[in-house]
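Consider the two complexes below, in which subunit A is the common component and subunit B and subunit C are the respective partners.
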Partner chain A sequence: MAEDGENDGMEIKLETAPHDPRFQTTNQAKHCWSRYIEYHACVKQKGEEDSECQKFKRWYKSLCPNEWLENWDEQRASGTFPGPV
Partner chain B sequence: MEKERRISEYHMVDVSPWPVMTVIALMGILIGMIEWMHGMGGRILMMGVMSMLMSMYGWWRDVIREGVLEGSHTGKVQEGLRSGVLWFIFTESMLFVSIFWAYYHSSLSPSVELGGVWPPRGIRVVEVWELPMLNTLLLLLSGVTVTWSHESMRSGEKEEMEKGLGITIILGIVFIMVQGYEYYESEFRITDGVYGSSFYMGTGFHGMHVLLGVIMLSMGLIRSIRGELTSEHHVGLEVGIWYWHFVDVVWLFLFVSIYWWGGV
Partner chain C sequence: MIRNDAPVRWGMGFQDPATPVAEGIIRLHHELMYVIITIMVMVTYLMLRIIYNYDYRRNREVRKERSGALIEAIWTLTPTVILMIIAVPSFALLYAIEEEVSPGVTVKIIGHQWYWSYEYSDYGEEGISYDSYMIGEEDLEEGDLRLLEVDNRLVLPIKTHIRLLLTSSDVIHSWAVPSLGVKCDTVPGRLSQVSVYIKREGVYYGQCSELCGMNHAYMPIVVEGVKVEGYKEWIKSKI
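And now, the complex of A and B:
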């Protein structure tokens, strides 16, 4: 809105992860999981700065509950992560 | 010999304590299980189980007496006994339906905690083509021997019948021993996630049913040796044989679903 005093003239874009036809139903847990895995696989292959990898990161941050992300980060650190990373 | 005049073709049973004793025993088992599972001891459970065993012994002993000694088991009564057991086998199948449902629910869309894969990350499955394959062959062979035994029974060849039955029982016992060994060597337990739960619920209940089948067939063999069966009238043996085939079929489903599809 133009009246928004906190806006420095930059538009705030609100977006979330795009619809993925692999995950049609209400339960998006697998969608979150897939994006998380894809991000880490991407980083392994292309490095953290790559824009595609950053895309995956934004998506999983949108989709996944933070609790799950903390859990999974801990598991990856301790080597007990059940995913293919 | 003068035949006693029958009131009807159906069996009007005499007053019996076994039904009410069974019911009280079952209540004891129910309450006893709750007590035991909450770590409060197993005395009620033990009493319930013992009463149940006594009731089973007494009730079935009476059925055998009514058939052999009283001559109450007319064709109609035999039909009733057979259809009763068929319905029982149906209910047992429903138990396995629920177990297989649970298994497929968890394995077709493995959750993220399992790593999104089946078998779950970290589970070292039983090698399909080793002991499980042996078990499959044992049960399939036992299906053949029990059919041989039944056919011999129907054509009056008592010795052949008893041989076949004996071999079937031995195969059943060997199955149980092989399964016990597999459990002993297994690298996962029932508490190891949903894989462990479904594996041991499925194979465990199946094993119990194999034991039941072995007992039923053994009863048939014992009674045959005692001369209580004829080539036309052997309901106890017949239903034991049906039960055995049911157990065999359930194993085939287990083998294909859990060991084979679920293990690779």
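And now, the complex of A and C:
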């Protein structure tokens, strides 16, 4: 948590993952999953510093619950991740 | 002006709406009430008339009709037409609620036994996340609402399209805030999306609405609607 005045110069923008027409239903679990997969596929192809990869990263972090992400990161580290990356 | 954004003693009506969805729900309710009361008056009149006229002491003649094509057609088609009329405003509201908008803010809401946790991951590297527990009776201050206050409220900007993504870490809960016109089951493994656009500043109260165990009644929800600048300041203080 920030100390008093620590983040005064920082600008907060109201931006988040946009609506994705591929996922029209109430259940957005696949949307979160897709963004996660897209990020890691992008990193594999272009490297972590690529701007498009960073965009996917922001989007999957916005959409996916932290618990799910921790779980998937652990699975990828242990080689048991069920996804295509 | 004091708004009814929380339950009140003997409260029978809706809480004051703070979103277009809540306003739409209340409007639909009023429209349906015209139809409901008309039908109720008509059915009650028919029943009382039948009970009075066909009492055996007043009417000893036994009627032997077995069918009547016209009356049967009337009492089938009339409810059908009424339902079709009711469907028009009902579907209009349903589709308006589901309309796609590009949100400005995404907040994830996770139900636990027996508290809520909120995650704002649009800001900073780690984002913001915290738990929201009910304040017990012994810790309440003057003016606080019993079984409704929480230690950490969900802070949201007004006049902004907000995407809420709801899930659960254990059993099914339901995140409900009547003033915002929101009720959504939080299902483990599912990430349900709800859109909210808060029109005015205020503090809005709700309660878990799906039986989830021993303390189901003790995991309330409090949403604080603040101006965009105030929301940005709050975010800065948290990251």
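Here is the rule we go by: the second predicted complex is superposed on the first by the 74 of 85 C-alpha atoms of A that agree within 3 Å, B and C clash if a C-alpha of one lies under 4 Å from a C-alpha of the other, contacts with A are read in each partner's own complex, and residues count from 1 in each chain.
Note that a contact is a pair of C-beta atoms (placed from the backbone, for glycine too) under 8 Å apart; a residue touches a chain by one contact, two chains touch by 3 or more.
Every value quoted in this text rests on a predicted model; they were computed, and no experiment measured them.
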Clash or fit (per the criteria above) of subunit B with subunit C on subunit A: fit
Which of subunit B and subunit C A:Met10 touches, first, second, both or neither: second
Per-residue contact with subunit A, leading partner among subunit C and subunit B: C
Which superposed partner A:Gln28 touches (first subunit B, second subunit C, both, neither): second
Touched partner set for A:His19, first subunit B, second subunit C, both or neither: second
Touching partner for A:Leu63 - first (subunit B), second (subunit C), both, neither: second
Contacts of A:Pro84 with subunit B and subunit C, given as first, second, both or neither: first
Smallest distance from any CA atom of subunit C to any CA atom of subunit B, in Å, after fitting: 8
Shared subunit A contacts, counted only where both subunit B and subunit C touch the same residue: 29
Residues of subunit A that touch subunit B when the two form their complex: 29-30, 33, 68, 82-84
Residues of subunit C touching subunit A in the complex: 100-106, 108, 110, 119, 121-123, 127, 129, 157, 160, 163, 165, 167, 169, 189-194, 228, 232, 235-239
In the complex, subunit A residues that touch subunit C: 1-2, 7-8, 10, 12, 14-19, 21, 24, 26-29, 31-32, 58, 61-67
Residues of subunit B that touch subunit A when the two form their complex: 109, 111-116, 120-122
